[in-house]
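What follows is a pair of complexes built around chain A, which joins chain B in one and chain C in the other.
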Partner chain A sequence: MALFLYLDHRTFVHRRHPLVKVAALLLFFVSAFVMEHPLFILPLSASVAALILWTKSTPTLQRIRVLFLFIAIFPVLIWSVFYRNGTPFPTLPFLPITQEGALYGLGMAAKLGTFLATGALFLSTTRIEEFAYAFTLLGLPYRISFTLTLAFRLVPLFLESAVTVVQAQRCRGLDINSGPLFQRLRHYVLVLIPVFMGALRRADQMSIALEVRGFNSGRPRSSFQRAPWTGADTLAVIAVLAVTALYLSLWSAGYGRIRSL
Partner chain B sequence: MWENTRLVVFTAICASLYAAVLIPFKVLPIIPGVAELRPANAVPVICSFLFGPAAAWGAAIGNLIGEFFGGMGPGDVFGCTANFLYGMAPYKIWELIGGAEPPTPKTLSAWARFAFTLFLSSALCALVVGWGLNLLGFVPFAVLGNLVLFNNFVSSMLFAPLLLAVIYPRVARGRLLYHHLLPARPTKSRAVRFSGLALLTCAVVGGMIAGNLLASGYWTPSLLVAMGWETQSRAAEVGLGLVPFLLLAITGLALL
Partner chain C sequence: MDNRSSVLSPSPADALRLEQVSFTYAEASTPALREVSLRIQPGELVVVIGASGAGKSTLVKCLNRVIPAFQAGAFTGDVWLFGRHLLQERVGELAGIVGVVFQDFEAQLFSTTVRDEVIFGMEQLGVSPEEMQERLDAVLALVGLTGFEVRDPTTLSGGQKQRLAIAAMLALRPQILVLDEPTTDLDPQGRQEIFTLLSRMRAEGYTLVLVEHELAAAVDADWVILLSEGQIVAVDRPERLLPQIELLTRYGVRPRDLDRICAAFGITAFPRDVDTAALHLREIGEPRSEPSLPTSEQQPIVPLLQVEAVSHSYSGGAPVVTHATLSIAEGEFIALLGQNGSGKTTLAKIVSGLLPPTQGRVLLRGEELGRLPLHRVAQEISYVFQNPDHQLFAETVEEEVAFGLRNIGLETAEVALRIEEALEAVGLNALRTHDPFLLGRGERQRLAVAALLALRPRLLILDEPTTGLDYPEQRRMMELLRRLHAEGRTIIIITHVPWVAAEYAERALLMVHGQLVWDGSLRGLCAQPELCASAAFRPPEVTRLGLHFKRTFLSVDECLAAFSSVAHQPFRSDEDHPQPVS
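Our next item is the complex of A and B:
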């Protein structure tokens, strides 16, 4: 079972310095965040879609397509109700929904969809080690970035152990997903206990192994991960900064906001 | 905590358990696609009683891993912070009101204290995540705050007692509980700690009520009206109106 979203291709985006990818992710978030009107968010969504095609990351979008469906529906529904003031729809005057509310909901759906797609692009092109390396370069303490990487690496291990326990129970005739609510809860507990206990056993062995390898020696850490900064990285940063500057200037000039119709 | 190799490993274990338990267990839907009861929501609470501060960091990192699996966004900053507090609060509250008892309730009084601990922790998490996402204008507090509170409280009340009853005695026998691994910290007086608990309770309960009133438009602080900072999404109202409650809640937690 493929757990994470990283896709091993050697495209231009994959080869960028981890810091460039983290900066681009944050700057794209800022650009989408400052806009409310869906028409102003769409060019950004289109750019992310183009990058996804370029980096061959479409399988990632396939995997999270259900989330896009929810994002397309729920913000519109929720904000149509909660965004109270504005112009009612002439054909639906009996509903407490306004045109501005529906537009804000659409904008929010576009915004959240763009965040999700940008995040998917980042995760498809960046390995966990690169992510942790970027944060170490930004000053995150080594122990925290080590914990982050270790936690990521342990997930498939525990997932496998949970699936094994579920299968073992199934072999004994126990279907954890059937029966009334409280019976199902009891079944979950029966599966979770061995997973927890196995994890604790592993933790003890792992901490001994780390100590033996001098984890707590207090000496300066070196890193196997090395990423040289190239001219292409500088160009990529300039391009993303230009997009963000454009969006921020549009925002400061008052564009992209929902006004009364 | 970060100087102790075992607790560093336990942090990673808590984080990966949180993420790993999410996936193989089918959820019990409340509103399909929006809210569901998941055994994973009980993991930060269980780990908090066992590993203390390691569980707080583990919950924050576990939440981040979950976002890596399902999609990232600016709201993750608040998600991680809220989960950090969700992992931090239970053991601190139980240390004070649980006395020397293990968090495996058997008497009515122990059940009441246990439920109070879980309610306060769930509400603190809901307050932070609801505030943050309404501040960004993504989801109204009245929707998300209440859903997170319900989800976390019900999941942890259903799963935590059952799992702790089996796991806690074994971890205690192995001398792997956080107070076995961490050096004893200087304790504050009981009066200070009880004031912290009172502050935390008032701030969290008051914050949840205020958040609902602010998000649904029943209350707008007059200062915001005077300054003309009213917003249609209620982002400014919730964002600024809940800041005093959040500050008091954090102060209360620090005093515990």
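Our next item is the complex of A and C:
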């Protein structure tokens, strides 16, 4: 089982300083967030798509393609149905859908899709230690950023042990996916007990292993220079800042909104 | 029997000194350690041995204050590390002074690259970035992981993971390194990697304390400490302690084959390795010629299982099992051998119906396994997982066994009968109302077997049934399987333990890179050292000794029998199997 979304390549994006990646992630979010009209969001989506191709992160998109499907369908449906204000489609006047509602739904889908793709790009190009490092540089307490990285490490291990437990139950004649809903829920509890007990045992061992390695030593920490800041990092930040500045000024000038809602 | 001249006598510069150390766990009535005193000098390798519950892990935890800092209980006594008296230190404060490597390598790795793993501890201790890089390069070179810097630790082999855990400790420059059963979860290859590393570290002057269950690791030690019930029973040089067969057996430690053989023939020289032992044994004479063993090559009439051209790959990756074809007859006892990652677990899961093969098919009495209803398969084939904790979840031992029986829809009276029968078979009847989670590892392992045994399967597949058990427990588990086999059940064990395979299984399946490279008698396999070596399978000491005489002994008893008639010395058998006192 592949444990992380991270894909080990050496592209320009991979080699950027963790702070640049975190900043780009946040700034892309902001840019997409302030826009409502799909036409204004699409350039952002296209740039993220280009970056994904460039960084060879397409396998990550493959892995989360179901999420994209949901995002493509549900906002369009929901906003179309619930936004009744505005102009109906002239050729299809019998439909209870307005042009603005459909547009807003499309915009929402583009926006959420861009968020998701940006997140996927970030996780495919940034190691967990890197973003914990970036968060620490940004002032987040080390314990919190470390706990975050540990959680990422543990989730796949729990999934793995859940798979083993399900197989062990099968040997004893329990088919977890059969029977009425209530029975199935009860079966899941039977899987969760060993997984949870195992997690507790493991957490106990891990906490000792952590202390043995000096976690909680009371001495001042130091940081390994994971990626020195380079001129390319400065350029990358300027580029992303420029895009965000453009989007914010468009937004404050009133562009990118859908009227008459 | 115990020589305390150096280990226990005062010395000006002890690396480690324990004085009257006792510890009783909060919930326990008897102490886990009783007045343990010892001294270890810088640069020494000390190996601690003993049965489960002897206090080995408790002792380790006292060395870096995990006890009493993490563990509730009553601690008395004094510990000094290089003259520093440990009093109120937190565990983290001793990082960089005592390094500890644990058995479970998964629980000591928490980074996404080898480099970050090694750096983690140094960052905690505030090592400067330049020095981090220096130490990183040095320790990776020492453990043989140079070039692995950006690898994800989860993609490493067991031996590599454990070496990484050691590197991460060494980067903190500890003055003493304690290894708590570092090789228990490793295959023979990984185990060898660790032992090679240990001797290299020894040459570099590290002070090492190694807790081990296999005596082969103790041969090169400066001192061997035998613990039992929290007390030091014996401390001696390996060449004096290892040949004490009765003493070791009495305290639940499996003596080496070589020592048993030499002791039986009254050879007093210490058989350091197989070659030395062969030299000594040759002085006694040549073994009797091979008795013509009945060759049980006749083909089974009705195979229980037929595996036909089975291949498997996980989610489109490289195949883990390639084109395996074999037939399993009712009543066989098979050892499935191979390195970690060779595909044996995958093959075993396919055979048990847990994993549908991506190609090929498995027939159970002529019917395709994948098409049979689950409750039928469950009554024919059982798979016992390596870690009993994956299989246990009920509140009582009895309930645990009842679970599967209810799943297959048996009536109350029948359920009660089968619980009785299964718990009787594994010797857990007295613990029926106990909570499975509070049982010892050996008992949990046997309960997992009982829970499946109650379904009266014809075929039992066990993944590493002896891992994590001490010698008496291992014997007990294997004798249980031998009995089940004698009753007509078919048994397949996946194992890394050479003597377990050699003494109990008749047929061997050996896998290398997903391919079956040997399907035949275990004796036949052991007679081919090149094939064994290429698959990183290391036959037991006695077998390797036999090869010096062009013989393939599968147990010490076979060897003793072959030499008994030619021995000058009166032959002193130590029974069929040394029966340890639990």
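Everything below uses one rule, namely that the second predicted complex is superposed on the first by the 246 of 261 C-alpha atoms of A that agree within 3 Å, B and C clash if a C-alpha of one lies under 4 Å from a C-alpha of the other, contacts with A are read in each partner's own complex, and residues count from 1 in each chain.
Note that in this section a residue touches a chain if its C-beta (ideal position, glycine included) is under 8 Å from a C-beta of that chain, and two chains touch if they have at least 3 such contacts.
Computed from a predicted structure; not experimentally measured.
After overlaying the two complexes on the shared chain, residue contacts for A:D8 are found with chain C alone; chain B is out of touch. When the two structures are aligned on the shared chain, A:L210 is found in touch with chain B and with chain C.
In the superposition on chain A, A:G86 contacts chain B only, with no contact to chain C. When both complexes are overlaid on chain A, the residue A:G173 reaches chain C alone and has no touch with chain B.
By the touch criterion defined above, A:W54 reaches neither chain B nor chain C.
In the superposition on chain A, contact of A:I193 is made with both chain B and chain C. In the superposed pair of complexes, A:L123 makes contact with chain B only, with no contact to chain C. In the superposed pair of complexes, A:F224 makes contact with chain C only, with no contact to chain B. If you count the residues of chain A touched by chain B and by chain C, you find the higher number for B. For the contact definition in use here, the residues of chain A common to its chain B contact set and its chain C contact set are 3-4, 128, 150, 153, 156-157, 193, 197, 202, 206-207, 210-211, 215-216.
Of all residues in chain A, those touching chain C in their complex are 1, 3-4, 6, 8, 127-129, 149-150, 153, 156-157, 161, 164-165, 167-168, 170-175, 190, 193-194, 197-198, 201-202, 205-225. Residues of chain A that touch chain B in their complex: 3-5, 25, 29, 33, 36, 64, 66-67, 70, 74-75, 78-79, 82-86, 100-101, 104, 108, 112, 115-116, 118-120, 122-123, 128, 141, 143-144, 146-148, 150-159, 162-163, 166, 176-177, 181, 184-186, 188-189, 191-193, 195-197, 199-200, 202-204, 206-207, 210-211, 215-216, 258. Against chain A, in their complex, chain B makes its touches with residues 2-3, 5-6, 8-13, 15-17, 19-21, 23-26, 28, 33-34, 39, 46, 57-58, 61-62, 64-65, 67-74, 136-140, 142-143, 158-159, 162-163, 166-167, 170-171, 174, 176, 215-217, 232-234. Across the interface of their complex, chain A is touched by residues 64, 66, 70, 90-93, 95-96, 98-100, 102, 104, 106-108, 110-113, 116, 119-129, 132-133, 150, 152, 154, 168-169, 172, 314, 349, 352, 354, 374-375, 378-379, 381-383, 385, 387, 389-393, 403-404, 407-408, 437, 451-452, 455 of chain C.
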